[in-house]
Every structure is written in structure tokens, then in C-alpha cells.
Amino acid sequence: MASVTLKQIGKSYGVVTAVEQFDLDIADGEFLVLLGPSGCGKSTTLRMIAGLESITTGDLMIGGTRVNDTDPKNRGVAMVFQNYALYPHKSVFDNMAMALKLQKMPKAEIARRVNDVADMLGLTAYLERKPAALSGGQRQRVAIGRAIVRTPEVFLFDEPLSNLDAQLRVKMRMELQELHERLGVTSIYVTHDQVEAMTLADRIVILDRGRVAQIGTPREVYEQPATRFVASFIGSPAMNFMPAERAGDGWQVTGTDLVLPGFGQLATEADALTLGLRPEHIEVLPADAAVNDPWAFDATVKLAELLGADALLNLSVKGQPLLARVGGTDFPQAGETVRIRVDPARLHAFDPETELTVARAAQH
Amino acid sequence: MSRTMSLERRTALTGIGFVTPTVLIIALILIYPIIQSVVLSFGQSSIDGSQPYQFVGLKHYATLMGDGRFWNALGVTFTFTALSIPLELGLGIGLALLMNESFKGKGLARLAVLFPWALPTALNTLIWRWMYNSDYGLFNGVALQSGLVDRPINFLGDEVLAMGSMVVVAVWKTSSFMALIILAGLQSIPRDLFEAGRMDGMSKWQEFTQITLPLLKGPILVALIIRSMDALRTFELPFNLTDGGPVNATESLSLYAYKVIFDFLDFNFGAAVVVVQFLVIFAMSLIYVFALRNKD
Amino acid sequence: MQKRPRYGLYAIVSLSVLISFFPIVWLILTSFKNTAGIYAWPPQYWPDPFTLDNYISIFTNSPELLRYILNSFIVGAGCTAITLMLGGLAAYALSRLRLRFAGMLMVGILAVSMFPPVSLLPSLFQNFLNLGLLNTYTGLILAHAGLFLPFSVWMLASYFATLPVEIEEAARMDGMGFVRIFLTIVLPLSWPGFVATGLIVFIFSWNEFPLSLVLMTQNAMRTAPVGISLYPGEYAFPWETISTATVLAIIPVLIITAIFQKQIVGGLTAGAGK
């Protein structure tokens, strides 16, 4: 097992920058997720660590050794690919044994290791089959097993669950979690799925157009997004954003009659902000409640959609559309007027120019 | 190999190693001879190197410009290309449309039309020469017996008929190849386009002109390129059918070059002919490559 | 389409098949006629008497015609082997190893493949003469390999493009070098592409004329198309022998085409689609 250190790692193709230089320390045994939409550079970063992509700038250290120019096989890393990448013409056993064979490990030792891992993953009955005779979930297990038998220092996962159907994905996600707890191997995991990232990660690196937007624990990236991009990417449904201008102590939402009271000490002198509010942080009260609360407003329900456990309300608050998520039982219907309350502590503020979060000195 | 060499460099070196044998053979067989032909065409030398190479400048090219037989060969080559390609294209599109229908025995039918292409041109040509024969040939037999003509037609002995006969053999042989490429293009057109067309009330003919033809532009262009390159360098067809006759009426540029080199044993003048032919074809291929570029 | 009898369609199909096929049928019929039947006027449509004499006489009196066919086999097999091996390696490197010059090299290879073979003749003949490669299998195999390597590189590269690159990357992670990846992963996974390319190259080589004509000047070394074309020499064309030899020389191609029709058509159109 080993720590992984990225020192000013960057990748460019000619004049096109694919990944902007950044630093990252991954602790021994940590589960780190690289998260972002397609084309954000997360796979490129993973492939640089794997050795499948050359590193343009910076140093990559695995277990304290610089490995920029080390062959993939000598980096002590194993990788699970999105499309499994199993050898279609070889049996499950041979797929899993390949790396060990190439290391010239004794046959008996190979068989022992492969059988152990197959046993752990429930693949024992399929060892003689070809990949084509397996289901998607089984293939995924073989791909994972192939990585495990090598007892690598670092596991690399490139969107390993994205080819599975929704149910299987949840199941495999939990298995991966258990596996990580059992083996404790440093893992780097690429995904565009925020649920996978939030549930699996010790820390998440969120990438946006080749640039690191934030590095933090799942709780940090959800509660304290560093940029507007992170705020919008994490959380479902996405955060409500409202452009606002300074109005006395408070903030007027641009183009509407909605005025919010001042909230805390903002580290900005600017007269304009983008305010952010998650749908789940809007509280819906009975129409006559909280009359004197400056953070309570009247709202009209434009559309109410039941999702099951939850319901989504399309609200209009003094001309400002807002999406709210409420419990799925007994929620107001379209056309009703309700009272909503906003928790100022949950209100986010972003600089409209830089899109960075505006720091707050104190809270109510 | 040193450990410190970058991954990228090591991969590139492996790649160069993989490519080198192929590049060497191509350079040796295709590129170097062209360069050597250029050198030969500017000089006077002997085949076995017993006399030193003597530079004579543009002498051979000047001779060439005044050589009626060269201009005749150039004309024959262009005429042959201009006559056969449109026929092949038309028949090729027709055959492709036919093969795109579903009917019993389609596999066999496709095989039958593929055979003429797969067989050696030289031998195909021999078969046709036998059928064209004015004394014992199949065509004259049928024509005379059915009363279509009252004396044998000299297919290969008449200047105009000989060219026509040659074009027929070429069209017979290569229409199926055209058809195959166009058929592949046809089959890659999404079916729902035609269904959408039908919903819009298109007739069969409109489907063909509005959907099929525009989407076949790419494959048709590719087929045209391949075939015209072939037609412009046609050699064994006139070699075996007519040997360029009568009165050089079917002597293609390739055949003329061959005769200059191996019948008259004039390698230097032959090299000049060959270089000019090369330039003509290269210019044509450049035009095509640019046409393809602009398509994308 | 509804089930409406499509006589028109079948009529056109039959006509196309007939036109494509009748010269070959006529050739085969001719080979079964005796000399009188061949030169009969009006032409004999059906061999009368039907005879195998021409075939027997080829095996007994004209063994050189069989030698031509053997030569074609040797040259075709050699050229196919070289083209697949070297072309496969090159195509793999050009499509997978991200060489900086790969795009340019592919275009260059395409461009040289359009060179007219006759342009090569003065130089190739002279060089082969001086190197002692005239009238050798090595020489003609090399020449054919040069002619058809561009085709095979393009075709194999386009086949490799259809394979998922992740499998090769997984092999790298497992510790394979590029040579081993090519031999144990790429080759087994792309054998249909190799089969199609090999068959077409073999047919190309079997059919090639100008270089085979010029680089093999000794009668015993000639390939089938050249040998048969030049067979009569100064005398009038002995059609009974020619037609029979031609039948024998086209049989291998007919068989290959018939069995591997799908692969050949697929390969040709994929190559041309680029």
C-alpha cells in the first residue's frame, strides 16, 4: 500500500491544455474520487497515474518514488476499466492470472491467489468460462478480481459502474465499499456520478474543464462548495441560483420584488452577488405561519410533482422562481399559496464574475 | 535502454521499429524507383551500368513533346477513362440498388457479379479476345446466325470498334466493384431516413434523388477515385486484347511506355514517358484527395 | 413491401448474373471441346464431343502451364505473409501508438499506392537485374509486397480502429510489452480482418501483371496470368490449351471468392470507405 502524490501535475496536447497543473496528496489507504462531467480531465488524470498517458508537467510519486517514466506494470497500480477490458479470447481464470503469469510467478501460487480472489468475489463457478458467457455484473467482478490478484499498492477505477443497470450499480457500489474496507488499499476512482462519489469517497476532487474546482470530503463539497460549479454539480435537484444586487442592508433579487435581509459579514464590497439555495433547504410552512420572520415569504405553487418519497414544488416567490424539495406526503398542490422559510445559514453566495464562493465571516 | 527515457519516447521508438520494415519496402519498391526514373529521364545511360551516366537535360522531354505516338497514347488513355468510368458508375449504382433489395438467391447473384472483378484482368481479356474473334468468335457466331449482320464484324480490327470493345471489357469487369462500394454506402444510410421520407410523402424517385444520392456522394467519390486511377494506368487490357492496335488506336500510356522500354530498350526515353505519366496520375490523385478533404 | 410478384426484379437480376457469368461459362465450355469443335463455324455452343483431352494434354504435354500456377502460388503466399506480418505491425503502430507522424504517414502511404506500376518498371528492372533479383521468387514477392503493403496497412488500421483500445491498455497494465500485445491480444482479436486482408492481397498478387511480366523473364519463372498470355509465342493462339490453362489458373480465385465472399466484400468496402 502506498500514498500517491501529484506535484503540479498537468497535461497538454500541443497548445491545448487538458488538465491544468495541480497538487494532490492521497494518503495511504484513502479512497479518493475524481468527479466531474465528461471532458473535465478526470480520466486523463487517472490515466496519467496509470501510465497510459504521459505526464506533461510535474511529478507523480507513488510510495515516495517518482514514477513519471516508469512503465505501467512497474508502478504497483492495477486498473479497473469502464468496459471491463477483459480478454475476450481467454477464460476468466486466465484473465485474472495474466499479470501474475507475466511476473513469472510459480503456477501453484497463481492458482492459489486466483482461487482466493474468485472465492471472495463469488466467481469460483465461472473460472473456466469466457467473458462473453458472463453477465454484466459478473464481468465487472472479473475486472475487479483481475486487479485484486495483483495485490497492487493502488487501485485505479475508471467509471467502473457506468455500464451496469441502476439496480446492479447500487449493489456493486456497496461491494466496492466493503472491499475497500477489507483490503484497505489506496484507491483512486473516476466517476461522473455524484452519488457514487458521495457514498464511496473519503475525499472528492471535483474537476471543471481541466481545472480542479475543489478538493474536500463529501460533506465539505456539499455544504461548503468552493465555486458555483461545485454547488451546481453536487446535489440533486440542482441548487437554485439567483442574481442579486445590494439593497441597503439586504439583497434584492434582480428583476423581482424579492428582497432578502442581510446575512452575516460577506467578504466582498461588490454590489452584485449570485445567491444559491438548495431545494432541500427551503422549508414549506402553513400559509399563516411565521408572520414576523424576515426570512419567511409568501409563495405560489406553480407545479407540484410527486417523486415518491419526496415531492418537488415549482414555486414563485415575488416573481422569483424557486424549486423546493419537500416530503412526499401531504404537500401543497399547484395554485395554492404557501409560506416558505429560508435558513440564512444555508444560503450560499458567489461572486458573479469569478464564480467563486464569497466567504462569510459570521452567521446568524 | 535507459530507465530515464520518457514513456512517450519509449513508445515512439517502439512504434518506429514497427513501422520501419513497411516503410523500407515501400520506399524501395515504390518511392526510390520513381526518383530513379526522374534521374534516368534526364540522362543517357546503359541498363547494366557499363557506360557512365551522362546528363542530357530536357532532351528526352523535348523529343516526347514532338512525339505523335505519345500524344496518341495520352489521348487513348483519357478516352478510355472518360468512356468507361461513367458507364461503370451508372451500372454500379444500378447493381447496388438491385443488390440492396431482398430476394431469393441474393448471395449467389452477388457472387456471380463479383467474379469478373476477382479474376485476373489478363486472363479475362483473353476470354473476351476469344469471344470477339472475327473467325471463330461467339459474338460473330450469334450475330451471323441470328441474321443481325451478314458479314463478320471485326471487333478488334477497326479503330473505333476496338476502343469500344476494350471499354466493354473494362465495364464488364469493374462495374461490380463499383457496385460493392456503393452498396456498402447504401446499407449505411439509416432506414428511418427513408421512413421519414415516406411520412413526408416522397415518391420512390424522390427518395432516390433527395436521400439516396446525396448520402452516397462519399462512396461514389471513393469508387471514382479508385477506378479512374486504375483506368489511367491500364496496361494488361490493351496488352492482351489488341496489343495497342489497330494503328495504335488502343495503345494506352502504360503500354506505350512498356514498349519504349522493353521493345525499343530505350530506358532513358522510357523513363521520361513514365515520369510524365506519373505526373498526370499524381495530379489527378491530388485533385481527388482535395475533393475528398473538402467533403468532410 | 407487399408480396407482389416481382418478375421485373428477377429478370434484371438474372440478366446481370448472365452477363457477369457467360464469358466464364464460355471459357469452361471451350476447354471441354476438341480442336475441331473449338474452330468450328458456326461456333459450337455445347462441346461435341465432350472431351477431357485438353486437360490431359496439359498435364502430359505442357507442364510449364502447371509451373506458372505453382509460381503464382509461391509468390502470392509469400507476398501475403509479408504483407500481413509487416503491414499488421505498421498498422498497429500507426493506429495505436500515437506516433506524432502517424497521420502524415498514412496519407503518404495512400498517395504512393496510386503510383502507376509501369512508372516503376525502368528502375525496378535495372535494379533487380543488377542485384540478381530478376527471375527469383524473392524479387517478385518483394515487389508485390511493396505494391500491396499500402492497401494492407490501411485495411488493417481500419480494422484495429473497431477494436476497443481498453483491452490493450489492460494488457499494458498487466505488464505486456507492445510486441506481446500485438501477438497475443491484437492478432487473435482481429483475425477476421487479417483473413479478409490476406485473401484480397493474395488475389491482387495472383492477378498482378506488369511487374510479374517484367521481373520474371524466364519462361519457367512466369506467373499464371503472364505465362498464359505469352504462351503461344510466335504461332497462332492455341485456344484449346489456353482456355484449359485459364480455367486452371482462375479456379483458385473462384474458390477463394466463393468461400470467403463475405470477408472479401466486407474488407474491400471497409478499405474503400476510408
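In order of appearance the chains are A, B and C, and numbering begins at 1 in each one.
Keep this in mind: a contact is a pair of C-beta atoms (placed from the backbone, for glycine too) under 8 Å apart; a residue touches a chain by one contact, two chains touch by 3 or more.
Predicted model, so just to flag it, every value in this text is computed and none were measured.
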Chain labels contacting chain A and also chain B: C
Most remote chain, CA-based centroid, reference being chain B: A
Chain pair, most C-beta pairs within the contact cut-off: B-C
Distance from the mean Cα position of chain C to that of chain A, given in whole angstrom: 56
For chain B paired with chain C, centre-to-centre distance based on mean C-alpha positions, whole Å: 16
Residues of chain B whose C-beta touches two or more other chains: none
Multi-partner residues of chain A (at least 2 other chains): 51, 71
Chain A partner contacts - residues on chain B that touch it in the complex: 3-8, 10
Residue ranges of chain C touching chain A (in the complex, touch as defined): 164, 166-167, 169-176, 185, 188-189
Of all residues in chain A, those that touch chain B in their complex: 51, 54, 68-71
Sites on chain A touched by chain C in the complex: 50-52, 71-73, 77-79, 81-89, 98-99, 102-103, 146
Chain B residues within the chain C interface of the complex: 11-12, 14-16, 18-19, 21-23, 25-26, 28-34, 36-37, 40, 47-49, 95, 98, 101, 103, 105, 107-116, 118-124, 126-128, 130-131, 135-138, 141, 144-145, 172, 176-177, 180-181, 183-185, 218-219, 222-223, 226, 229, 232-233, 235-236, 239-240, 253-254, 257-258, 261-262, 267, 270-271, 274-275, 277-278, 281-282, 285, 289
